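The structure is given below, and queries will be raised subsequently.
Labels run A, B, C, D, E and F following the written order; every chain starts at residue 1.
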Amino acid sequence: MEISLLQAFMLGILAFIAGLDLFNGLTHMHRPVVLGPIVGFILGDLQTGILVGGTLELVWMGLAPLAGAQPPNVIIGTVVGAAFAISTGVSADVAVGIAVPFAVAVQMGITFLFSAMAPMMSKCDRMAENADIKGIEKVNYMALLVLGSFYFLWAFLPIHFGAEHAGAMVEALPETLIDGLGVAGGIMPAIGFAVLMKIMMKNAYIPYFILGFVGAAWLELPILAIAGAALAMALIDFMKKSEPVQIKNEEAEDGI
Amino acid sequence: MGSSKNSKLNSESIVGEDEYQDQSIGTELTRTDINKMAWRSLLLQASFNYERMQAAGWLYGLLPALNKIHTNKEDLSKAMKGHMGFLNTHPFLVTFVMGIILAMERSKQNVSSIQSTKIAIGAPMGGVGDAMFWLTLLPICGGIGADLALNGSIMGAVVFFLLFNVVHFSLRFGLAHYAYRMGVSAIPIIKANTKKVAHAASIVGMTVIGALVATYVNLSTTLEITAGDAVVKIQADVIDKLMPAFLPLLYTLTMFALVKRGWSPVRLIVLTVTLAVVGKFAGFL
Amino acid sequence: MEISLLQAFMLGILAFIAGLDLFNGLTHMHRPVVLGPIVGFILGDLQTGILVGGTLELVWMGLAPLAGAQPPNVIIGTVVGAAFAISTGVSADVAVGIAVPFAVAVQMGITFLFSAMAPMMSKCDRMAENADIKGIEKVNYMALLVLGSFYFLWAFLPIHFGAEHAGAMVEALPETLIDGLGVAGGIMPAIGFAVLMKIMMKNAYIPYFILGFVGAAWLELPILAIAGAALAMALIDFMKKSEPVQIKNEEAEDGI
Amino acid sequence: MGSSKNSKLNSESIVGEDEYQDQSIGTELTRTDINKMAWRSLLLQASFNYERMQAAGWLYGLLPALNKIHTNKEDLSKAMKGHMGFLNTHPFLVTFVMGIILAMERSKQNVSSIQSTKIAIGAPMGGVGDAMFWLTLLPICGGIGADLALNGSIMGAVVFFLLFNVVHFSLRFGLAHYAYRMGVSAIPIIKANTKKVAHAASIVGMTVIGALVATYVNLSTTLEITAGDAVVKIQADVIDKLMPAFLPLLYTLTMFALVKRGWSPVRLIVLTVTLAVVGKFAGFL
Amino acid sequence: MGSSKNSKLNSESIVGEDEYQDQSIGTELTRTDINKMAWRSLLLQASFNYERMQAAGWLYGLLPALNKIHTNKEDLSKAMKGHMGFLNTHPFLVTFVMGIILAMERSKQNVSSIQSTKIAIGAPMGGVGDAMFWLTLLPICGGIGADLALNGSIMGAVVFFLLFNVVHFSLRFGLAHYAYRMGVSAIPIIKANTKKVAHAASIVGMTVIGALVATYVNLSTTLEITAGDAVVKIQADVIDKLMPAFLPLLYTLTMFALVKRGWSPVRLIVLTVTLAVVGKFAGFL
Amino acid sequence: MEISLLQAFMLGILAFIAGLDLFNGLTHMHRPVVLGPIVGFILGDLQTGILVGGTLELVWMGLAPLAGAQPPNVIIGTVVGAAFAISTGVSADVAVGIAVPFAVAVQMGITFLFSAMAPMMSKCDRMAENADIKGIEKVNYMALLVLGSFYFLWAFLPIHFGAEHAGAMVEALPETLIDGLGVAGGIMPAIGFAVLMKIMMKNAYIPYFILGFVGAAWLELPILAIAGAALAMALIDFMKKSEPVQIKNEEAEDGI
């Protein structure tokens, strides 16, 4: 079966929407179990779409972005994989095999985008300074547009030009650069924390910063446990401050 | 950590920046306002990025309410600046944090106090939510859906979608209202204890930030010094034994120092990316 | 050799006494090394009793009730096991094999009793309220009687009616119920702690409760370590309270 | 944790309940009194049960002395009520705790302060005693006894019994007198610092209780959600990763809330047993 | 831990011993003085021993400067006595500690405060230095050297020696001057907060000592009680389960008690050696 | 090749110097890579010395005295090993095999010396008491002399009398005594800490001692982590003390 330009275009639009849903909206219509049937519907073979969707759902089972880290991209994996499965009639597993390099390329591409989006934050800082509500909103909308277009391209191109030609594209990506951006993404929260600390850090809170770090770095406690212990310390401090008055009475009583 | 002169200047300037000029309690937020916030919270991660993560999307969600609360324009600017700070929490639980934060905004708490609370509640909820929704709810719904789908039924997609989103949207809207009401009922207590509450929130917030630095910043060197027969893996053999998360701490403190010297985040990002790419290229990262 | 009714009765009485000794008195005459010879003496074959006792002592080596949790019951294991060994002439190991289901049944039975005894505590609360000394004492004595009788039956019945018939009884026990009571026993201390907290919990101590919980739940510290750290915190607090006076002098000196 | 109104009411009522009316130091306890206590301590676990563990037996051991100390009947009632609280310690070391507690009773410390001390000292001694007596002394004596017995000698029983009980009874009586003397000599200091001592004891006591909740309450769910191919083990995959001992904590706090609402322990026990049996039956416990 | 009478006497006598009579800031130390200290620091471990480790060598390094600072002979004696206390740090980083300590001596801090600081900074640097120099720098230089040597070149020795010592001596001298300058610039702050600084230093120092007892004192029993079939390994089965490092703690507290009773260290050493040899002979150590 | 008395003597002197360098000076001329060539030079076969030194450097790679604990002695291993390799022409590996018992004997001997040196500290205490600068210096110099001579003997004797004869000496060492001293060395820091605590321990610091101990014994935290947490506690305390004044103002403001 041949995929028409219109169909390829519609699959690109589908990827656009699903791509947004992965991080925004989060209705999870981007999961293979929903996405598969839609691809099938577009390509005129709903039944295969359903089956491929079910299969891919199991493949991506338990893979979700935790703390911003990207697993191989579920959307491109599903859209491209299901399109190949339906058009060439190969089994879902084989189709996934073909889609995997694209899913991985998009995983890296998203990492790239999320790093490249960082400098935009300073612009937002200035908008915030000027109480520019519209500006902030526009940045968010624009970001969605960029992200969605990115997904559109990664679905449209392989489907329209075929995996072989698109595969060449993937291989053309400069690997160290992409890897370097992945590393940069891992480090970047440091800048976020630095900006945060500029607002919040006073000398009085240095000790608590140290305690949190010791707890996480050496004792490998999860954030929840550390927040619990911190709450305890905060409460002790909170209740202590009101004591001096009480103490004086007590001392008076005790005749010290 | 910061010479005494520096910190004095800093703390002075912060005190000024920190407080809202208009200290009167803000306009009440209606159900519609909170619903609007919940709807907008769907775009929490619209401009997700690795420096501030959900910051701008978070601010996007709060904007209408903030605009209503801070009639004084300078105050609005202060509030917005604060909310551009680093945040990462779970997208399903975020409205819980939002509700509480809006109540604090209404009672005109200090910016640093609000930000501390945001981090103190939001950050641990990130892990909690991931475990509950990404690692539990999602595979369960997905499993049911896939099961039906593999039998060839379109009901797989439908059941999955409904099941998942009933939980999703009830939480998103339910928590928003619940948290806001809770926050508002606490306003009198907070108002009466402004300084103490701020101090307590900062304690939790800064402890959590200390932990986040060790957890979220991923920086390790692949450097191995091979000298004849000897191989010293700098990360595994030296740094990890001395002080795990040493490099993340070092890098964060360096960034902090540069921020205090007035470097803009963009400059720091450029620096970071350059370092990362060069490091990858040279093989030490 | 046949075991007479009188002998079976005397072994029941022995189990009564030894059963109490397992948790009260704690002279440890209930351990196989002592109990074996007594069974032997009652059955007129001291020598075999001694040997069986020695063997069973090794079998139960290191098994003692920790924090209220019951291992397979040593007393019924020994009394029933030794009685079978002496009367049928099988080796001690074989006899233990026969006794094990009874030892396990009693283990569960004791768990049951210790759960069933819980409601009695509210009665004791009311007696305490009325300063009813006699009442408290009676409750304790009655509890001993119940516990002892339970042991009596579990020794007397299998020995008098034979393992086969008694075995049927064991199997008749409703398993999920018994298991459910085991689970209940595990949860029940929560009620005890709740009652305790009603007396002792003031807002000022919530943080310490949290810290203790974090230390035990996440860091998996033993109670002793937590008590040590808590002692340190208490001492710091204890000494801090008397400082204000001192501080004022110091400040005066420092001219602040 | 407890609305502020609730806790205020509570703390007021507790203050009243907490103090003994007769504040004069109680009658001296003679050697015979302490010996009697030590003898009675043999029945520490007579009414052992999983809700309060050794509570009633512990009270049984203290009764004669309490009766002597608290001539005021209401005080006696207060004391007895306090001593019906949860306790689990090692039966050989219990007289050490008893001795100290009796000295505190004599000096008419507050009930909560006495109870905190009981927990703070008694609970850690549980584990210590188990390690020393059940896991060390007993196997050693048993090993020696079994050795002799397997050679056919009745001396196995005799040697075991004597060896073990010499240690047992010297500790039981020795510690009783030692601890009481120690406690009495501390009375003046305690009296002069009543509030401080109470506060310190409560800190240790409540910390230990927090730890005990995580250690002693055994509650975990066997729930597994199997949805097609996906299996989510609620306990191992979700709860243990988020917060080990979450269910014990939750259940304890629920019980606490109900107790504060006036539910009687019997009702809670019935609830617990029902839940456990139903849970076992339905397969989620 | 020390009856109240004891400790009162103690603390009084300590207060006297603790302060320098001459409270005026000492003579400035010249670059030559600091260089001299750095040179002398090469003999830090000249009289290394397992009781005080580097104590006498450390004192040796400070002596010329101490002599210049404490013109009052009694003060000199006090200072010297203090510096004979236990110390173990890394020999390459020691000048960093020395520099700071000399600045504190100049500002006439209390002996206990100086000693706390010495431990608080020096002890953690021991592990840090070992990881950086013994386990990283040395194998790297050694590997390069060995490589050249195995090719038959004498340059192996030369390159190794130069490479290693350039790092070694730049650190030794660089840190000495850096630390002293840093310390001196802090003198005004320290002087203004003498008591507080002393208290803070003692907190860190005593915490570290508590940790050092558990880390540095190696004492465990090989005792196994075999009774018939039962084998109880006292260390692994009992002590380690109850309280790891129990024997080191016990022994240290015993030594402390004896020191307070006036036993001389020599007597304690003789006791220790006797115990160790007897213990080894009898097979329980 | 025969080693002359003069050569043996020079090797002894070399061991003297290198022995000191192991703990003092620390130029690390005592490492095989430097020491080997010097031994070769003295024995007139520089080239072999270089090669043996390189080989032995790898053997001792990563072995350095940590926290005072001795690995098998690198100096005697090198000097004796290299001397044998050069004089007998065996390979470096075989020579090391011959040298190992001496290296181990010296390891124990140094442990012995470091224990035996302990009583000297009390003498130093008295010198410190009398502000006897010269005395302290002399003790350090004497200690160097003793240590160096010890090295001299352990190099000179095996080289001069041959490994077989010297080996007998090694075996004559009373093992339990030596082991006992090793144990004593492990315990001895307790005395050092006791002396330290006499100076520094006030009641107010007992809690911190406990916390440090709990952290190291149960949580097995390294000293650096504990020092970090302690610093945090100290800072909290430090900043709290200056608060009372502030608090009063705050209270006044708050109208309490």
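Rule of thumb we're sticking to: a residue touches a chain if its C-beta (ideal position, glycine included) is under 8 Å from a C-beta of that chain, and two chains touch if they have at least 3 such contacts.
All values derive from a computational prediction rather than experimental measurement.
The minimum number of touch steps separating chain A from chain D is 1. Shared contact partners of chain C and chain E, listed by label: D, F. More inter-chain C-beta contacts link the pair C-F than the other of C-F and B-F. Centres computed as Cα averages put chain D at a distance of 50 Å from chain F. If you average the Cα atoms of chain B and of chain D, the two centres end up 43 Å apart.
Distance between chain A and chain B, defined via averaged C-alpha coordinates, is recorded as 14 Å. Taken residue by residue, chain B touches two or more other chains at 127-128, 135, 139, 141-143, 145-147, 150, 228-230, 242-243, whereas all remaining positions touch fewer.
Within chain C, contacts with two or more other chains are made by residues 58, 61-62, 203-204, 206, 208, 210-211, 213-214, 217-219, 221-222, 224-225, 229, 231, 233, 235, 241-242, 244. Every pair of chains in contact is given here: A-B, A-C, A-D, A-F, B-D, B-E, B-F, C-D, C-E, C-F, D-E, E-F.
Per the touch definition, chain C reaches chain F in the complex via residues 219, 221-222, 225, 228-229, 231-233, 235-236, 239, 244, 247-248, 251, 256. The part of chain E that touches chain F in the complex is made up of residues 1-2, 7, 10-11, 14, 42-53, 55-57, 59-60, 63, 67, 73, 76-77, 80-86, 88, 91-92, 111-112, 115-116, 119-120, 123-124, 126-128, 130, 134-135, 138-139, 141-143, 145-150, 152-154, 156-157, 160-161, 164-165, 168, 196-197, 199-219, 243-245, 248-249, 251-252, 255-256, 258-260, 264-266, 268-270, 272-273, 275-281, 285.
Interface residues of chain F, counted against chain C in their complex, comprise 203-204, 206-208, 210-211, 213-214, 217-219, 241, 244-245. Put simply, chain F touches chain B in their complex at residues 58, 61-62, 222, 224-225, 250, 254. Chain E makes touch with chain B in their complex at residues 127-128, 131-132, 135-136, 139-147, 150, 189.
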